[in-house]
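Some structures to go through are shown next.
Okay, so subunit A shows up in both of these, paired with subunit B first and subunit C after.
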Partner chain A sequence: MISEQLVDLSRLQFAATALYHFLFVPLTIGMVWMLVIMESVYLMTGNVIWKDMTRFWGKLFGINFALGVTTGITLEFQFGTNWAYYSHYVGDIFGAPLAIEGLMAFFLESTMIGLFFFGWDRLSKPQHLLVTLLMAVGTNLSALWILIANGWMQNPVGAEFSYQTMRMEMTDFWAVLFNPDAQAKFVHTVSAGYATGAMFVLSISSWYLLKKRDVEFAKRSFRVAAAFGLASVLSVIVLGDESGYTVGEAQQTKLAAMEAMWETKPAPAGLTLVASINEVEQKNNWEIEIPWVMGVIGTRSLSKEIPGIHEIKAKNRERIVRGIIAVNALEALRTNRQDAVAKQVFEEHKTDLGFGLLLKKYVVDVNTATPEIIERAVNDTVPRVTPMFWAFRLMVSLGFSMLLLFGLAFWSTLKSACMGKPWLLKVALWMLPAPWLACELGWFVAEYGRQPWTIYGVLPTHLSVSTLSVNSLYGSLAGFIGFYTVLLVVEMFLMVKFARMGPGSLGTGRYVNEPQFHA
Partner chain B sequence: MNFSDKSLLNKLAVMLVFKLAILVALWWVFVREQRVTVDDSGVAAQLLHPAIAATQGTNK
Partner chain C sequence: MFDYSTLKIIWWLLVGVLLVGFAIMDGHDMGVGTLLPFVGRNDLERRVVINTVGPHWDGNQVWFITGGGAIFAAWPLVYATAFSGFYWAMLVVLWALFFRPVGFDYRSKIHNATWRSTWDWGLFIGGSVPPLIFGVAFGNLLQGVPFQFDLYMVSTYTGSFWQLLNPFALLAGVVSSAMITLQGGAYLAHRTEGIIQERTIRAATGAALLMVLAFVGAGFWLQGIDGYRIASVISTNALPDPIAKTVVREAGAWMVNYGKQPLLWLLPALGIGGALLSALLLRLRWTLSGFVASSLAVLGVIGTAGASMFPFVMPSSSMLAASLTVWDSVSSHLTLGIMFWATMLFMPLIILYTSWAYSVMRGKVTAAYIRENDHAAY
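Entry: the complex of A and B
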């Protein structure tokens, strides 16, 4: 049997590196479009303050990019080192978008970043703006391909299992590309990145305004961040709703766990605002519900039911039993690939193969699975409800808090009154960590909610893991955590240092904190 | 490019070299010897007979 400790450590290592990686990513995704906006205004108006804004915020963007780059490569390495069986099983499909991301998007992004920083005196204004635009396109394309790969893990479309090669083989590239889960995830995730970039600029600009330094620079930055942030957070919320709908279509266990929906509720289902969750008795002790809303979000109708956890488990129990037949047929086919009967049986039951494989966590021979063992496998098919329920609500609360903040900030800039509202500036400053926290919670809900699968409904997590030694995993886990913590500390140090210096670090003679400045 | 830009560039260059060195070191110490064979037979063993795969998988 595969050691549970090995599986847990491999998961922890991937989760830790992914969460660290995503501290850098959303800021890159968001700030790059703000640079495009600022430089466009510079090109249109010729006002040099907009060039200074592009260069200063670009410098902070550059620090984040330089420290963040390679933090994601370790994730791709881990597919090979820690998840070798997963990589073989789904590499034909999963590898393609990752390769395209590296060859197309990352190279474009990296090349343009070099031109952005070293091209100010070598390129004309329109050429430099084009470079900035292409840098933004590259960054977003990078996110697109990564999320196509991730979307396929959530909703494996356009592929079929081959018993001869023991792997999933792509049958429809366009289905993988236009996977509704991937598309919904992409727009939701990049919008969250835009909100992160906007919050970063809004918070630091607020600090300058509170200190009454570089006021014209800060007011313009504040205005851009408020407008861009408001549009971004609205997009995050609207597109998050779309993401919720696709989850309801493809991953009912995840939706039921997010909503602590133990029983199937009559249509249209209500949205549970808060609840006292009792996982032992599999019920909510009490709950506060908004009628109809979940039905609209999850099904886009008022007449469709959303299945509860108990109903989903009952269906999964049937799939596990059918999956035993698929596993037996696969074993027969691996012994004799010409076995026509086994082939026919396998073709009829192969959609349940993954469910049969869930039993391999407890028994070597699935035919020896007792009703108790089948019940344990059934319980495994739904992730723990409490962390899902509260992580999702905390993420949504942060999203709406940011909507309120960006709304107020935008209103104050329309009235040219942000300087007169120090409380707003202070709130903007203290809200700086909010988008990062929301992003991390969002990824937690997406990936923890996918358990017990690496590929939803197809490949169980415990069978995906490489058979490494536990000691080596402890060592590499400690190494990764130490390494990423150093990167984070250096990032924070450089960001704080250059944010404190402000646009004076550009050495133009127009701002405070530089020798040439004359107030 | 002013002094603070050059100083920042130096720091970032050092960090990039540091990152590559650490990644290579981590791979060298913890991963290099840990080989797992993955072909169709290996995956069949992992999926259908995980007990056998668990004993065969390490240090190949």
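Entry: the complex of A and C
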């Protein structure tokens, strides 16, 4: 049996490296469009300040991008190194979007970024803008394909299990591609990235304005960021991926956990604002609720019910019991592929195979699972409620506070008054970490909320790992922590240094803080 | 459109194309990284060297990422078994690669000699370690790797990291390192002039000779190594089921394909001839032709290894039947088909815009260019 420690360490390593990677990705996704906007204005007006804006924010973009690339390779490697069984079991479906991401998007993005930085004197103005635009398109397509892969983990459509190959196989590529879960995720995630890019530019511009330096440069940057940020944060909230939560059981389970909905409530359900959660007795001690809202958001209707945790668990208990039959039939078939009886039993029960496999966390032979063990497996099927409930609420509050900030910032730029409101500039500066925190919480809700599965209903997390030694995991985890700490220190050092230096770092002679050094 | 067994062969070729593409494109960046501390003796010279690949390394690195993704999609069992089995080797490659993006982008942003020279050695590690490890990995594939599958197809690797570093594998590592150094040298010679170019050509000549020696040596050695052969009748159109076949180990099995198909001898000939020709052309200062010749050598060397192992991809030394082959470690018919068309659609586009990027940035990188672009260049 796979050691629990190995599973925990593999999960910890994946979570740590993915959360770390996700510090850099949203900023890249968002900033790249702001570069397109700034350079478009440069092309239209010919005013060189817009070129300087594109180049200076591009410099900071580059510092961030370097770490995005560095840490992205880790994630691709890690499916193979640490999640070998996962890679075998679902590679037929999951591998395809990853490979297409490389072919269609990442090649484009990475080739164009070189020309973006080095091509200013070698390309005509429209050509350079085209390069920037293609870089943005590549970046966003990249996010699309990754989220198609991730969406399939939440809602595994268009695939079927094959006992001959002992894995999931793709049956309908278009279903994987147009998975509603993936589409909702894409819109929500890239919008969050746009908001992150906007906040970055808004905060740093506010700092220049507070210091009253490079004012013309900062004012224009502030204006672009305010407008872009307002549109983006509205999109995050309105097109938030709650619309995707009605699709598939994984999302229903997640929804129930993050709303602390123990019981199925009559439609339309109320939205719980805060609650005192009692995980032991599986109820809320008290809660404050706004009637109707949850039902409307979650189902886009007044009559559909949203299942509560107890109802979900009851269903899952039945599926686990049927899953035991599926596992037995599968093991018979793996020993003798010609066993016709086992084949028929398996075909009838194979939709519950994943639930039967949940028991493998506790027993090698699923037939030996006692009622207590089955009960433990049932309880595993819903993630812990407290972290889900509060992570989601914190993320949403950060979203709404950003909406307020971008709204105020946009309004003040319309009145050209942003110079006159130091309190707003200060708030904008101090809100800088908000989008990162919100993005990381969003990732947590999506991924922790899918536990105990890597592929919902198909493959339990504890079976997905590579059969490595625990010591290997301690070693690699220590290595990642060491490398990533050093990289973060270096990156932050450069980012802060160049942000402080401001557009003067371009060496054009048009700004304060022109560097004195020479090569 | 294609039947399953045809697609399986096509994907063996396509993975080969991606590996060769990676070795030619990312390989020349890595070769430049390997040469960096030696052909650039001061900061300005090193900046010249780095800026020959500055605008391109990022795009080229995607050959590596896409190659990994394509193996994941087309050969999921190979991806799973190789990456987890070679755990520490893969982590060393990964951590070495960490030095590249930050090394390129951060190095010249600070005017401090220690800072810059630290990143130079980082770029050296990022350029020299991966090709060495990939060569060692190939050397191990040729000998078979100890892994097995259970009823559930869970793979267990029973070797250790240190076992990978056996003499034959290390020799394969030398072939790979020298090949990539030559590849980087040929590119660098084309993009530089003067003293840097001279040093580079000298280094590239040495790399070419070393590569040929090690390659020929490994070729002779290989004939004495136990190769693998499928002993049962295999239905190439069947669903992939790696443990269903019978495999035997025997001396000389890796030479069987060359006996059956003598045209395959062109591949090792291309490896040797391409490397020697490249060195010659570089000495004549026909640098672009020299780069083409070294790229052909890359094709020859990788092709030689692939052709002698076909249809094996990753033989198992501890459970012979578990050996992964092009017939039984692949994705479903549908996925192979989709991935084939995706590759056919996007690969020409990639080649097109990559060529455009190189043509925009063409010409020699000089010290004067670095001085003029002090704030923008790497």
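The criterion applied here is as follows: the second predicted complex is superposed on the first by the 504 of 519 C-alpha atoms of A that agree within 3 Å, B and C clash if a C-alpha of one lies under 4 Å from a C-alpha of the other, contacts with A are read in each partner's own complex, and residues count from 1 in each chain.
The rule we apply is simple: a residue touches a chain if its C-beta (ideal position, glycine included) is under 8 Å from a C-beta of that chain, and two chains touch if they have at least 3 such contacts.
What you see is a predicted model; the values in this text were computed from it and never measured.
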Simultaneous placement of subunit C and subunit B on subunit A, clash or fit: clash
Which superposed partner A:Met501 touches (first subunit B, second subunit C, both, neither): first
First, second, both or neither for A:Arg11, with subunit B first and subunit C second: neither
Partner chain in contact with A:Leu108 - subunit B first, subunit C second, else both or neither: second
Touching partner for A:Val327 - first (subunit B), second (subunit C), both, neither: first
Contacts of A:Thr74 with subunit B and subunit C, given as first, second, both or neither: both
Touched partner set for A:Arg450, first subunit B, second subunit C, both or neither: neither
Partner chain in contact with A:His349 - subunit B first, subunit C second, else both or neither: neither
Which of subunit B and subunit C A:Met166 touches, first, second, both or neither: both
Subunit B or subunit C, by number of subunit A residues touched: C
Contacts of A:Ala84 with subunit B and subunit C, given as first, second, both or neither: both
Identified clashing stretch of subunit C versus subunit B [38-46, 92-100, 218-226 or 308-316]: 92-100
Common interface residues of subunit A - those touching subunit B in one complex and subunit C in the other: 62-63, 66-67, 69-70, 73-74, 77, 81, 84-85, 87-88, 164-167, 331, 334, 466-468, 472, 475-476, 479, 483, 487, 490, 494, 498, 505-507
Residues on subunit B engaged by subunit A in the complex (per definition of touch): 2-5, 8, 11-12, 15-16, 19-20, 22-23, 25-27, 29-31, 34, 36, 38-40, 42-44, 46-51, 53-54, 56-59
List of subunit A residues in touch with subunit C within their complex: 62-63, 65-67, 69-70, 72-74, 76-77, 79-82, 84-88, 91-96, 98-104, 106-108, 110-115, 117-120, 122-123, 162, 164-167, 169-171, 173, 331, 334-335, 466-468, 472, 475-476, 479, 483, 487, 490-491, 494, 497-498, 505-507, 515, 517-519
Residues of subunit A touching subunit B in the complex: 1-3, 59, 62-63, 66-67, 69-70, 73-74, 77, 81, 84-85, 87-89, 164-167, 327, 330-331, 334, 357, 360, 364, 463, 466-469, 472-473, 475-476, 479-480, 483, 487, 490, 494, 498, 501, 505-507
Subunit C residues touching subunit A - in the complex, by the definition given at the top: 43-44, 47, 54-59, 61-62, 64-66, 68-70, 72-74, 76-77, 79-84, 87-88, 90-91, 94-95, 97-98, 100-102, 104-106, 109-111, 151-157, 239-241, 331-332, 334-335, 338-339, 342-343, 346-347, 350, 353-354, 357, 360-361, 370-371, 374-377
